[in-house]
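Once you've had a glance at the structure underneath, I'll fire off some questions.
First chain written, first letter: the chains are A, B, C, D, E and F, and each begins at residue 1.
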Amino acid sequence: MRFANRPLPVAGLSLLFVALALPALAQDMGLPPAETGLPTVAQTTAAAEATVALDAFRNEVSYIFNSFSFLLHGALVMWMGAGFAMLEGGLVRSKNTAMQMLKNITAYSVAGIMFYIVGYNLMYVNVNGGFIGTLAFLFEPGSGPDLATGHSPTSDWFFQMVFVATAASIVSGTLAERLRFWSFMIFTAVLTGLIYPIQGAWQWGHGWLYQAGFSDFAGSTLVHSVGGWAALVGAVLLGARRGKYSLDGRVNPIPGANLPMATLGTFILWLGWFGFNGGSQLALGSAQDAWSISNIYANTNLAAAAGVVAAIIMTQVLYGKVDLTMTLNGALAGLVSITAEPLMPTPLLAIGIGAVGGVLVVLAVPLLDRLRIDDVVGAIPVHLGCGIWGTLAVPLSNPNTTFLTQLLGVASIGAFVVACSIVVWLALKFTVGLRCSEEEENIGLDKSDLGLEAYPEFGHGHKGL
Amino acid sequence: MRFANRPLPVAGLSLLFVALALPALAQDMGLPPAETGLPTVAQTTAAAEATVALDAFRNEVSYIFNSFSFLLHGALVMWMGAGFAMLEGGLVRSKNTAMQMLKNITAYSVAGIMFYIVGYNLMYVNVNGGFIGTLAFLFEPGSGPDLATGHSPTSDWFFQMVFVATAASIVSGTLAERLRFWSFMIFTAVLTGLIYPIQGAWQWGHGWLYQAGFSDFAGSTLVHSVGGWAALVGAVLLGARRGKYSLDGRVNPIPGANLPMATLGTFILWLGWFGFNGGSQLALGSAQDAWSISNIYANTNLAAAAGVVAAIIMTQVLYGKVDLTMTLNGALAGLVSITAEPLMPTPLLAIGIGAVGGVLVVLAVPLLDRLRIDDVVGAIPVHLGCGIWGTLAVPLSNPNTTFLTQLLGVASIGAFVVACSIVVWLALKFTVGLRCSEEEENIGLDKSDLGLEAYPEFGHGHKGL
Amino acid sequence: MRFANRPLPVAGLSLLFVALALPALAQDMGLPPAETGLPTVAQTTAAAEATVALDAFRNEVSYIFNSFSFLLHGALVMWMGAGFAMLEGGLVRSKNTAMQMLKNITAYSVAGIMFYIVGYNLMYVNVNGGFIGTLAFLFEPGSGPDLATGHSPTSDWFFQMVFVATAASIVSGTLAERLRFWSFMIFTAVLTGLIYPIQGAWQWGHGWLYQAGFSDFAGSTLVHSVGGWAALVGAVLLGARRGKYSLDGRVNPIPGANLPMATLGTFILWLGWFGFNGGSQLALGSAQDAWSISNIYANTNLAAAAGVVAAIIMTQVLYGKVDLTMTLNGALAGLVSITAEPLMPTPLLAIGIGAVGGVLVVLAVPLLDRLRIDDVVGAIPVHLGCGIWGTLAVPLSNPNTTFLTQLLGVASIGAFVVACSIVVWLALKFTVGLRCSEEEENIGLDKSDLGLEAYPEFGHGHKGL
Amino acid sequence: MAIIKPFKLDEVREALGQLGIQGLTVSEVKGFGRQKGQTEIYRGAEYQVNFLPKVKLEIAVRDDLVDRAMEAISAAACTDKIGDGKIFVYGLEHAVRIRTGETGNDAL
Amino acid sequence: MAIIKPFKLDEVREALGQLGIQGLTVSEVKGFGRQKGQTEIYRGAEYQVNFLPKVKLEIAVRDDLVDRAMEAISAAACTDKIGDGKIFVYGLEHAVRIRTGETGNDAL
Amino acid sequence: MAIIKPFKLDEVREALGQLGIQGLTVSEVKGFGRQKGQTEIYRGAEYQVNFLPKVKLEIAVRDDLVDRAMEAISAAACTDKIGDGKIFVYGLEHAVRIRTGETGNDAL
């Protein structure tokens, strides 16, 4: 479940928990258990007073923990923005690196503003099992803490907002080195202000999909595949980079200019993912939450590690040498795969889910090339491919889900995002224009569009050289 | 308010809060409200015991939350040291990059040691509405936790210390590519050991300025403009880099060698700023604090995002193409602008404040160039310009402040820092020497002063090439 | 002490603390102290009920804090993986940079999986004062929170796991630019699955060394020197890089290709170290813990800062110019030195311990060169040298330790790791082969083993150029 | 020696290959010529980009191949736009293949 | 062909421009000569920096301009300090402007 | 002018130094020749590495030193493996030392 206005579920949970744990604990500590005789009125009063004070405090502590979890985990997800920038900036050629930087910082900024203006309300307010929330401008944080909300509403907004930005970042990677800046910026605004929140309302806003029994803990489908579908549509409409595919069918690799930067980006994403999945527990105010988040951290880490190892072994076996960029994709593949259900799997299953993700990505990258879909950073295999895989793998550990409802979620959201993306991309194509000219592409977007170079002193590398 | 020895304000606040919230909550939960009849002695005793135990625990939890907030948010601010290093290192030419790295890691280190030796006492101990604290050596952490302090004193020291380092980092950016290392190191020691703490005492040490009603939540003036003023004085005394300004009045841009690194630095700073502003709530021990910090996070983020978008639009309109480095400056401009008051503004106002910051910086950068003040990374517009703007914008949302007292704070601190900086920079000029020789500047400080190259294998780029 | 199954020590501690603090606090707050007359049965019952409820809550809060500390601090240590990658990737030549990236992300991944499969049980389960834990496969997280464990077991697993990865990263740096990938990967598996956990069991698993009175708070010996010893043995067996030492005895420096990246790595490690040392308090559930962690943060930071300043002064005095790479090593030297005991020293002593570390490393680097041990990144001086120094410096502030038991720990773990490493390295040498061929070394491991370049567009720098 | 636009390198190389020329040496250069770089704005200040990235080919060929090589390069590198580059020919006195010690045309 | 100190590039280019020479090709090179690099210390080990960064200009000029070009370069690049660089002149047999096919002096 | 393998640079420089040749200019180039780069696989797609990193030396020497210089380079740069590189010799018409204005052999 992922919803903003949870009326004290945490406090409820923890009360339940304490009630169960109490007798055992009391004995542990050598304290006398509660007497069995009927208490007098005076006793009841005193006890009630104490209980009321304690409960109020319990709620306050829970409120703090929950809000703090949203904020810190949200900050980690914000940091993923830097991760995407570094990953993508390292995998493009140096003549397009500055543009990639600009797109990523813009995506993060525009996503936040759009989600503030319309997105949040559209996604979370009055969805009521339907298809869409409220088209009201401006999220309002309220005038002071209300313990009944269980956490600060703004902390929740912050956490949901950084997720939106993630979806936008995915698009910039696939379409790098040819998509114009302003088209990207407008698409991002629509994606983060409308497309993402509407499909998000279906599930996390407790819309129809949620009621149908779909489950996506931290967004394999709602975040990653959304970005992936939008990127896929864009890649098909934009076409490949000049020179990527020869007429005779050959695929000409275009190596990324700065692999250590791409590696840094992967590490950043990995770190940020603890926030992405861990924070999606949506609470920290009870031992149960702390216990759950711990398992989420461990599973997230093991899935990523398994993705790395799987990609290493796969590339060694298939190609006779390990491919660093595939290994980086493997880490992200593991992370995306576990995102739909990072809590319930045993660690061993988490390793399995991540490893399958790593294998998938190694297989899918050349497959896309065969389809002549030019995905500069491998975002489609990672975020779309493994996003689907992770979502379909939920029933392996979560008995409340079925393969069919999972498929329903994947398909309905996919169809919606594909349809919207086609409309928006085409609208942009026939107005602002999607793709830079051939000459601009030769020179690179940095010089042609931004009038500067990312690394003006480091040689102006030609791919052939 | 920003003070180290707060005698349980948080506990007080939270008590107050709970007292107010209790009846409502009690009813919410279906619990009987406290009886009205006079309690018996026995009841009172039992209730008192329970209350005492609960209060003690309440204080302890608050103590942990407050200290943990200082530590984690302080660690995020420490991380800003890396952000400044990357930002500045990316905006200088490659022949001065290693020096920029050295200066930044040194600034952070020296700031910490100086603030330990003298700074903290000078800033926080016995200011009593005056102009200066106690010139006592060595901050002492005490021998164990005392709940009455509300948080661990060392956690507070840690948080205040990382702020000092920020001020020092600002200076290194403006004066890059020509200021000698040892002069920088000595200036940093004086700035962080004396200049910063003394003016800090005026406000955060509860000195005269605080009593005059000035308000600067997280340091638009106390941290950012302080660094900015010191940098401005230094830039005037040092002169511009050779070749920056032609005799005929032309400005010759000197592009930074590694823009993705500068972008990474901006992302790091953005992340760190959640610690900078969020931690400046100085507490997390109550729902009110958690609620406030949440708003601070959201406002901080929106102001930065607005700074980015404003800079993009401004440069597109003014120059016909988006300028990446200005966009990075725009993010920081938004951040500095909201720093004086990140709590009270509505999100919409935060966007406004940040956007004005972004516009300001785009206008101020060429203005400085017209004055032939050579600010390598744009630190003066960002930290000084937006620091002033942010401080003056406080009355827009904080009714306890007036434009005049805000101006008083800006002006008095500005005058003090400018005066001190002139003295120290001039003293250094006539002793150690501020500026490297022309030949050293041609070769670059890395080779001439450090005897190495930052990127020995990547071409030795000539700016003209 | 560092142990997984602590039966509520935190709760115990905090109870004790509150018991002591209560009367004082009660008076502070103007509350009547507990009456002296014998309470009636009814009172006892009410009070007991309240106390039981409060204690249960106290334990739950403590559980959350402890687990959260493990997770967040663990995430910071995970981030050190990126730090090692950047540091090492910046200090090798560009022709080996991609390989260095691959090794680091692999080390982190393999460490996690191995520690899950065997390491954790070997280190922590049923050591009972002996030499080894249980060789059982698969760490199991349990089925739900049990407050009696004091923290989530998985959070503890996560925190211990990231430490293992650190030890592995150290090895990759020293042996860079010549060690084959698969040998490194297998060695890492053995190191993190067997060697590290077994010696870890001796101390943190409460084995014989722990009972002998040895103390190593956060792992100067258990983590850093372990990595250092393994690296030292490897360096001796592998031999130096071609061209590092001339036949006539000259040392030919081989400059690192990307010093800003190395600086970034150092900043990352510094940040991560707050998690490394701070999290090693192993709890955050009491004011005492929060107070302790605060001191640890401050001491950790001051030791690193002192290491920086010491290295700057030393290199200026010895060589007439500051050496950036030595300064980076100095920061890490300070960090490793304080790791064995970051809690007890006064800040001044922490500065001293860190400064000695900084001095040591500046002296040890050329010493190793004189012994013709080629340590590419200076990991042996930093992690082994300062690891030993830090461990031996514990008695300076911790009265429960003696110089002799500290030496015993250093020596016994050293002997064990050296012996194991020799066996494993030699086994690899005669099977997979440790070292790449001379031609592969000339071309660089990136091209020869991975078939790509880290920076394909930035010039293919020759060290002589 | 020929100065060409970087993205034409592959085509030129293939054209030369078809003449049987299987050795050449390439370097990155910056060219200054009639093709002026654009006026750019960096942080609000205008500047002229004078030097444009070009690729320099050095090819030692037998005398009888010179003309055909020049034609091949010209044909492959031409975009009819300013900045296409130039070919300069100068005489070689000796050539040695280091590996074998072969000299003269055998060394090419 | 001239080898000069990198920071003199702009001055040399302007001096040549005043002679009406509007084409040249520049590359980054490392020079070894009488000007010795300093002895540096890296991580405690001394080493000799043998190669210093220089800029190489290649300029094809009409015969009658050669002397004036040499003088112009010499004057602009000279700092009277060791390492100022050298000018080497060799004969060109052909020159072709790829865009137009012009040859000889017209191609320069 | 000589094209050699990068890691042979130091040896060649020392060999030339022993002949009393104390000036040379070096640049990074990419070479295409009989030594083929390997077929590499990047993200699952095969590609041919055509250009291999080489180092180009330009050395102006007195006529009487040419042969010995060629021998010295050949000897020092030879690994007997394909791709060792080539030496090309062409005539210089003038040489000028910018600092002093010396010309001809004095300028070398």
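We adopt the following convention: a contact is a pair of C-beta atoms (placed from the backbone, for glycine too) under 8 Å apart; a residue touches a chain by one contact, two chains touch by 3 or more.
Because the structure is predicted, anything quoted here is derived from the model rather than measured.
Using the contact threshold fixed earlier, the set of chains in contact with both chain A and chain E is B, C, D, F. More C-beta pairs touch across one of C-F and A-F than the other; that pair is A-F.
Centre-to-centre separation of chain A and chain B, using mean CA positions: 30 Å. Centre-to-centre, using mean CA coordinates, chain A is 48 Å away from chain D.
A straight line joining the Cα centres of chain D and chain E is 18 Å long.
The residues of chain C that reach two or more other chains are 42, 46, 50-51, 54, 57, 61, 72, 255, 258, 264, 321, 323, 325, 451-452, 455, 458-462, 464-465, listed in rising order. Contacts with at least two other chains are made by residues 13, 26-28, 30, 41-42, 50-51, 90-91 of chain F. Of all possible chain pairings, those that touch are A-B, A-C, A-D, A-F, B-C, B-D, B-E, C-E, C-F, D-E, D-F, E-F. Chain A contributes residues 442, 451-452, 459-462, 464-465 to its touches with chain D in the complex. Those residues of chain F whose C-beta lies close enough to touch chain D in the complex are 2-4, 27-34, 50-51, 54, 56, 66, 70, 73-74, 77-91.
Contacts from chain F toward chain C in the complex involve residues 5-7, 9-10, 13, 26, 28, 38, 40-42, 53, 55. Note for the complex: chain C touches chain E at residues 251-253, 255, 318-321, 323, 325-326, 362, 365-366, 369, 378, 464-465. Residue ranges on chain A touching chain B, taken from their complex, read 42, 45-46, 48-57, 59-61, 63-64, 67-68, 70-72, 74-75, 78-79, 81-82, 85-86, 89-90, 97-98, 100-102, 104-106, 108-110, 112-113, 116, 138-141, 144-145, 147-148, 151-155, 157-158, 161, 181, 185, 258, 261, 264, 449-459.
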